[in-house]
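The structures considered in this document are given below.
Here subunit A shows up in two complexes: once beside subunit B, once beside subunit C.
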Partner chain A sequence: MTEATESIKQSQTSAVGWYEFATRHRASLAAAAILIFPLIMPFTALAVNILIYGLYALGFNLVFGYLGLLSFGHAALFGTGAYLCGIAVVHFDWPWYAAIAAGVFGGLLIALLIGVLAIRTRGIYFAMVTMALSQCIYYVFYQAVDWTGGENGLRGINVRTIDLFGLQIDFINPLVRYYAIAAFVIAALFVMSRILASPFGAAIEAVRENEMRARASGYDVTLTRLLTFVLSGGFCGLAGALQALHLSIVPIEMLHYETSGLVVMIALLGGMGTFFGPMIGAAVYLVLENLVSVWTVHWQLIVGAIFIACVLFFPAGIWGTLIGRGRR
Partner chain B sequence: MTKTVTKAGLLSRRRLLTTASAGAVLAASPFRINLLQAEEAPIKIGFPVPLTGPYGAEAQDQVRAGQLAVAQFNDAGGLNGRKAELVVRDDKLNPGEAATRTLELVEKEKVNFVVGSLSAAVQLAINNVTKERGIIFNSISQSDAINEAADFSKYTFHEALNPHMTSGAVGRYAFPKFGKKIAFLTADYAYGHEMVRGFLEVGKEFNIENLGDIRHPLGTTDFSTLLPRLQALKPDILCISNFGRDQQIVLKQATDFGVKKSIQIIAPLLSHASRVAAGAQAFEGVVGGCSFYWGIEDKFASTKAFNDAFRKMYDGKLPTDYGALGYGGVRTVLEAVKSAGTVDTEKVIAALEALKYDYYKGPQYYRKCDHQSVQSVLVIKSKSKDMKNESDVFEVLSTEEPSEKNLRTCEALGHKS
Partner chain C sequence: MMAVAEPAREIILRTRGVGKTFGKFVALNNISAEFSKGAITSIIGPNGAGKSTYFNLLCGGFPPSRGNIEFEGRDVTGQPQHRFAHMGIAKSFQITSVFPQLTTHENIRVGLQALVSRYDIWRPRARLRELVEQADELLALVGLWESRDRAAKTLAHGEQRALEIGMALASRPRLLLLDEPTAGMSPEETRTMMDLIVKLARERTVILVEHKMKLVLGISDRILVLHHGELLAEGTPQEVRQNEAVKRVYLGQREH
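Right after this comes the complex of A and B.
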């Protein structure tokens, strides 16, 4: 009897130990998963899309899961990142690293703009204001045909080789492209992990849990919110820039509100407020969509049914439910 | 009890091992390698089209016609016995998805050629991906931009009409006949804009008066606020430049509003699938253009042959306009492969450029500078009586013969001569 209790206790502590280890090294474990990821995917371009949408959802999750604000305008951050990166390459002939920097800067800038205007609102109003502002951004890019190609989209973001300290990397080769983009995504994962583990990360969650108490403890709630939103813009802008380089085009659809809705779905599917959930959500959603749509034209029906099942059986998202079980 | 279980487990494991090793031996055996060598890898043609979304009906027709072209190629012996294969993908009418799918087709499926698309933005996205990788892409959807030097590459071919040709033909037919005061209702995206630009350009020859252009977003379901505004302009001609479901809805509502009583409605393109879906009443009296109509079979032997083959393969169904483009797009590439005797890209490009063909609608050829297929444009009118069969929905009013005069010049497109 006592022996049994002992062993249960022991297994519990070891489970908790594992959990703590995994939490501490979450970014490294995520990086390892990303490195072997293309081997199990149906095709590499899809794996790259999953990385990019995962990063986009990761940035979104910072606001949605950790700060507790539902933004319905994240497409503006993602799309602006893509467009600025694309415009830098097409119209200014900037090298790839400068173009990516332009994309990140675009995400940060638009996030600051939307953030300043929207951050004082709460709940559904925040969702509506961000959505309205992102629609404004959509029309700005839609109308600036000379710069963005308008309806036809921006074409010609053709980066054939990446020059890395004299080393010529063939960006057309699918696997090379995957690992080049993965390098940025992994770097972003480490930065995200660092932000969340920092005192500022704790402040973000404090604001989410109890705004009044956070304010009483001396945190500037508005500034914390704004800063989080802007940081989120940086991640989404990076995702957009990588998408522009990956597909060599920027379609106007990237700025559409459906892209904002998609990221909410991905975050919910994977698990909001979990570190790796957005990546899992992006992988599950995009793989499902791609596999089922090859098989039948009624793919939406099947993906919809699976989505409903996920919501019913994994209320905290796929990853959220799994780690919830692991913790127990 | 436990013993039997273990035994069964052992047995099955042993069997598994035996089967696996037998499989491995077979896989490694010279016999299998010989088999593989006998059958060369098929010629793969990637075919991204929007199977889901508002143009689904048209896209499925394109696939049917594309399959027919492949079947004919294979029945005729292929390329010295090497068969062709169509690899169909759903691009969901989204350029990002189309680019991803094209990457899949090129990188994973290792397709030799890409044919397809049914939207201006989508074909430009596909084109950007294929031209970077040196893969021939034959677009079967309307666009003016794809002819222009910025998007063009030697790998880019355009089998479909472009808005400039289509609106030009319809304008040249309609403006002298119906009047000079024109009002426009336009879908607010590239297709609509390019059509209106074409109409205005050809209108200069006829001194038309532009009363105004009302834009509507893609996917509009209610035009009841726009139609009275257009009626109030009192035009001779109302020119409606939209496509698919938008076109069906606006024509239905225009009929209900009595627009047709005093105003002639013209459209750059009348889609066969839309006409069948919306019915005779909605399209009654509307004049528009199209690239193909099965009814020209009494004029061209090639049309007759294409119709018959299509009927035979699909239980008496007749091909539609966009379907025929799928056939034309795939067949030209495969014929070029045959005449080049290889799938080598450079040689196939040369063969395509040299092609003078008549596969389904009379004579055509690819112009050298922009690889635009120079072809006839039909001006048609919807029919509501004396129909021979359920596909007998249009009458051909006039045919604009293929001529480079009706295309924008190579210099205007930015090509160096």
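Right after this comes the complex of A and C.
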């Protein structure tokens, strides 16, 4: 048996070796890409948007790409994260770190709420139930005008400096802001990588691959799905909280179902079930949106056409196609 | 061949008056049977006899409409499917059921992992080294060592069936339930599978559902014959072969 192991090891080509290296260090490589990104991307505000939507898509992809469930309600997780962070700053004057924690908590809580109600449904029913529930969340925030500003959005989330152990970080400076937010996104990437490499990550894949077999092997499929959905909520809540601090306002549109649809598009564009695909998808989508909207107001037509072309010709997504197979 | 061993007295599994109805259709009616520990028991019957329904009740696929099921003296009626693996009952599916995109090795490793770590989101799974080794041992046992790093979906049909048995063994079952393990196999693959089953039965109890009576006569210690959802006959292969009722409904049709 050891001989066989040896021969397998020897037969590994350098290409496979490089692929395995990239997989093992995927979080570090992604972090490096994020750190040098502003150097090649002159519009720092756009770069920050890409980071945040990339993080949102990263969280979404855990459910969509790795667990294999299409949720149309992720705007609720993203938006609740943003609102809770904003409310913590505006109404309670909480410091930035506590506000971000509130956002993450909001994402986890709403994911638990939606998950408990929706997780037993399958396929299109899961998509519809999550969408309906996220619309309920939309109306709750829409109606609670005193807390959320209703239609006008929640304004006045003014965090000008971040106090880090006595060090005053200037949150107004765009580049400093980019790196402050990048620190959270990179941390999230490392956590995500760990989750995917963990025994639970294996259970997620097993459930996606074959629900019946996973159950017969002894996995509680429903509980595995629910936990994955809740974890996804944590990432999306963090993305929302960062967005609230970045925009200094929470527009009600963040909770709209279009925001749920957007993340599906980003994940498909980048490559569902790939580690770095969501970031690539967010970058491509937002850059396209910005470039084309300078040229024509009908930018959605162009972006839509490109999206359709991508889905038809690169079903594994941009990143999925680049790395050769639509996995990892 | 090794059929006429003296009957083992200890009972591992027992069903008492179990029945299953789907709407108004009675798939299975009032089956009481006992399964001896360490034996190979085969459940046979023509198409639509209720074999698969009975199998699903035994492995927890769905609960019986009435009656109860006892495993090692403990009532397990109505337990959810995923609990069965933890109690020591494993099954293979009639239609091949593996994790298609995972490697052969990972298929078994993830099966082993289900018993020790299901919700750990932090430790690297590679840290569970003993699982990697145990998976390799099981791969060798079911004859798939060569295909260790191939995606399961690229395996031949017979290999996928063998992989599935490896996955069932991964939960260290004391009772192994196999639903038509040779379905769709070539005569060559069938013989290999039958040898494997006999080998596995040396260390655990095996219950086999089979459509083709000929296949199981040689290896079974006991045979249950189902017909129209009822228990038609029960006994050693010899007794079943000579049973008039069985001959009428089963052997008479030249299909076996």
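Here is the rule we go by: the second predicted complex is superposed on the first by the 311 of 328 C-alpha atoms of A that agree within 3 Å, B and C clash if a C-alpha of one lies under 4 Å from a C-alpha of the other, contacts with A are read in each partner's own complex, and residues count from 1 in each chain.
Operating definition for what follows: a contact is a pair of C-beta atoms (placed from the backbone, for glycine too) under 8 Å apart; a residue touches a chain by one contact, two chains touch by 3 or more.
Keep in mind that this is a model prediction, so the values were computed, not measured.
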item: Room on subunit A for both subunit B and subunit C (clash or fit); value: fit
item: Which of subunit B and subunit C A:Met254 touches, first, second, both or neither; value: first
item: Partner chain(s) touched by A:Ala45 [first = subunit B, second = subunit C, both, neither]; value: first
item: Partner chain(s) touched by A:Gln143 [first = subunit B, second = subunit C, both, neither]; value: neither
item: First (subunit B), second (subunit C), both or neither touched by A:Arg155; value: first
item: Partner chain(s) touched by A:Gln168 [first = subunit B, second = subunit C, both, neither]; value: neither
item: Which superposed partner A:Val221 touches (first subunit B, second subunit C, both, neither); value: second
item: First (subunit B), second (subunit C), both or neither touched by A:Ser293; value: first
item: Minimum C-alpha separation between subunit B and subunit C after superposing on chain A, in Å; value: 34
item: Residues of subunit A contacting subunit B in one complex and subunit C in the other; value: none
item: Residue ranges of subunit C touching subunit A (in the complex, touch as defined); value: 59, 80-86, 90-91, 93, 97-102, 106, 109-111, 113-115, 117-126, 128, 136, 140, 145-146, 148-149, 167-168, 170-171
item: Sites on subunit A touched by subunit B in the complex; value: 42-46, 49, 149-153, 155-156, 158, 160, 172, 174, 243, 247-249, 251-254, 293-294, 297, 299-300
item: Subunit B to subunit A touching residues, read off their complex; value: 51-52, 56, 60, 89-90, 92, 94-96, 99-100, 103-104, 107-108, 120-121, 124-125, 127-129, 132-133, 143, 145, 150-151, 189-190, 193
item: Complex interface listing, subunit A residues touching subunit C; value: 1, 4, 8, 194-195, 197-203, 205-206, 209-210, 212-221, 223-224, 227, 231, 327
